[in-house]
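Each of the next two complexes has subunit A plus one other chain: subunit B in the first, subunit C in the second.
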Partner chain A sequence: MPKWFTPLALLCGAMFAVSPLIIANAPYESTMGLVQKIFYYHMPSAWMFLLGAIVCGIASARYLATGDDRHDRTALSAAELTVLFGLLTLVTGPLWARRAWGTFWVWDARVTSSLVGWLVSCAYLILRKYGGPGSERLAAALALFGMANVPFIYISVNYWRTIHPPTTVVPTLQFSMGFPLMFCVAAFLLLFILLMTMHKRLEEGRRRLDALHLAFDE
Partner chain B sequence: MTPRFGAAVWRIVRKDWTVEARSREIAYTTLFFAVSCLLVFAFAIVREGKAPEGAGEGVLWATLTFAGTLALGRTFERERQNETLRALLLAPVPRAAVYVGKLVGVVSLLLALELILAPLVTLLFAAPLLSRPLWLLAILTTGTLGFAAVGTLFAAMLVRARSRDALLPVLLYPVVVPVLIAGVRGTSALVAPEFDVAIARFWLALLVAFDAVFVTLALWTFELVMSD
Partner chain C sequence: MTTFARVAFTLFLLGGAALALSQQTLGQQPERQDEFVPVSELPPTEQMPAAPLLVGAYVFVLVALFVYVLSIARRVGAVQQEVARLEGEIKARARS
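Presenting the complex of A and B:
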């Protein structure tokens, strides 16, 4: 592990431990009340979900173009984090929507494209796990197609009515709500980086072990 | 496109058609699977002898998706059994020509299937699908091309993978969601009591854009994933 890992892991743990207090101290939103506070975890996880998907897509494209194993390891780690943070997003979103929109699920553009993106990253992991040898390239192609697909899903679903709050809400937040949000984003980003580092190291170790195993057999 | 490229595509398409014309295996199994799908949908959604409004176009596209997956799987299973896909890839033609050849084969099969399915859906689900045949043909063709462009690449990639039959729909369906939405909404614009050209044109344009992007991307990735 790199030298910075342990201090940052401690910091990340402390930030997550403190975050409920900071969120509790943020003012109540006038119409939604308590349930709006889910937002402080929902939005950061949604951002990390998106970040994971972007990292996975770019790393896959580079792996296809160069054939370098390092990009493949990055793509695989990012895909696992995409599934994890996507799940958090898809669980916290409906909890909030039940109160704000009166229903758990809406087929709105952003919600639907998140679900489809999450399904693609799940398909990526399933392919890696059960596809057998050579599935790395296939999974990279899948990630590429999944990424190219996002605008199409967005446009096609957007033709139905959109009720998800636009992202332009964020810069207009006042400090008392903006600070807890940014604090949570920082905590989630730190968690993302730590998990990514750990996972890449795990994958490297696994490949080295496989190589040793093969060498031993011969 | 060089004449050599076109000739290679044509040879592959003709080979597929000849094999299919002799055995008719994929055509018959896909057709009967599609008709069985229609039957399943009819039992699932028709109440008191009457199909719910707007069900026809949904059933048509869902059936096409399922039957198309079956056809894609069978097409490449045939190439795998006798290791003929390897022979195709060893042939001294551009890799892209192999992809385009298989794509044309799959699209022609699915279009033939649609010629039978569309009237059947019209009959069974009381949807006036055939009232604007040219528009319907345009939407079905572009939709099928988009579905098959992604499907042909994925099915070809999965030829050597384990559990390929289960993996194909798992990978394919999330990616073709826009084709399904545009296909269903475009078709339902055609059967609406007041036909709105702008709506139909919007969905058709989306399908054409999808086709352009995904055929280009597939041509590039096919070369890379089928290289070993």
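Presenting the complex of A and C:
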């Protein structure tokens, strides 16, 4: 692992350990009360979910253009993180909605497009695992669709009729609520970078292992 | 009092009691809802406690992240061990 990995991993762990205290000290939102505090983990998860889909899409596009395996490994790492953070988003959101909306799930534009984006990432991983030789290029094309879905997820709350809070909520937050949110975003972003680094190392190890198996058989 | 009169008197008493009870029950029923009521204005008996949802969300996130970090660390370790083992075997074979 790179030299910066261990100090940043310790910092990330400390930030996650402190985050519940910072969130507990944040003021209560006037209409939703206690359950609104789910937002401090839900929204950073959602941002990392979208970031993962974008990284996966860009790396896949570069892989399709150049054929360089490094981009393919980056795309695969990002796809796995997209599934992870998408799962966190799709679980924490309904838990908040159960109290705020009275139901776990509604088929509105934001929620449905997020589910579709998550399913595309799952399809990418399934294709990579069971698709056999040549599935890398097919999966890369699928990742482009996953990335194309990201703007729809983001703007869906502004253009379609939905009960999901709009994108204007975050810029208008007061410091007392904005600081805990940005603290959690920083913690999640740091975790995303660390997990990407670990996963890329895993994929490089697997590539080296394949080469060694070939050398051993010869 | 004849048997018929006794039965009629008993039925009258029971009917009166039933009528009084039903009037009391009707009086306790909430008024019929004919307009939208926000969730925040529902009576406490119909409101859902937020704490279990909040705790559930945070526990799920932290446990899922912890399990994933453990999983990826285990996979990296296993691959590195396998690489070291194969490199050792290839070197040994080259010497012999």
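We take it that the second predicted complex is superposed on the first by the 205 of 218 C-alpha atoms of A that agree within 3 Å, B and C clash if a C-alpha of one lies under 4 Å from a C-alpha of the other, contacts with A are read in each partner's own complex, and residues count from 1 in each chain.
Assume a residue touches a chain if its C-beta (ideal position, glycine included) is under 8 Å from a C-beta of that chain, and two chains touch if they have at least 3 such contacts.
Please read all numbers here as calculations on a predicted model, not as lab measurements.
Visitor: Between subunit B (first) and subunit C (second), which does A:123 come into contact with in this model arrangement: first, second, both, or neither?
Guide: In the superposition, A:123 contacts subunit B only.
Visitor: In the three-chain superposition, say which chain, subunit B or subunit C, touches more residues of subunit A.
Guide: Between subunit B and subunit C, the winner on subunit A residue contacts is C.
Visitor: Touching A:153, do we find subunit B (first), subunit C (second), both, or neither?
Guide: First partner only, subunit B.
Visitor: Could you say whether A:102 touches subunit B, subunit C, both of them, or neither, answering first, second, both or neither?
Guide: After superposition on chain A, A:102 lies in contact with subunit C alone.
Visitor: With the two complexes superposed on chain A, say which partner A:195 touches: subunit B (first), subunit C (second), both, or neither.
Guide: second
Visitor: Per the contact definition in the header, classify A:35: touching subunit B only (first), subunit C only (second), both, or neither.
Guide: The second partner, subunit C, only.
Visitor: For A:134, decide between first (touching subunit B), second (touching subunit C), both and neither.
Guide: first
Visitor: Which residues of subunit A are in contact with subunit B in one complex and with subunit C in the other?
Guide: Correct list for subunit A: none, the interfaces share no residue.
Visitor: Which residues, counting only subunit A, touch subunit C once they are in their complex?
Guide: On the subunit A side, the touching residues are 16, 20, 31-35, 37-38, 41-42, 45, 84, 87-88, 91-92, 95-96, 98-102, 191, 195, 198-199, 201-202, 205-206, 208-209, 212-213, 215-216.
Visitor: Taking the complex as given, what residues does subunit A use to touch subunit B?
Guide: Listed in rising order, the residues of subunit A that touch subunit B are 64-65, 116, 119-120, 123, 126-127, 130-132, 134-135, 137-138, 140-142, 144-146, 148-149, 152-153, 155-157, 159.
Visitor: Which residues of subunit C touch subunit A in their complex?
Guide: Result: residues 39-40, 48, 50-51, 53-54, 56-58, 60-62, 64-65, 68-69, 72-73, 75-76, 79-80, 82-83, 86-87, 89-90, 93 of subunit C touch subunit A.
Visitor: Would you mind writing out the residues of subunit B in touch with subunit A in their complex?
Guide: Subunit B reaches subunit A through residues 150, 153-154, 157-158, 160-163, 166-167, 170-171, 173-175, 177-178, 181-182, 185, 202, 206, 209-210, 213-214, 217, 221, 224-225, 228.
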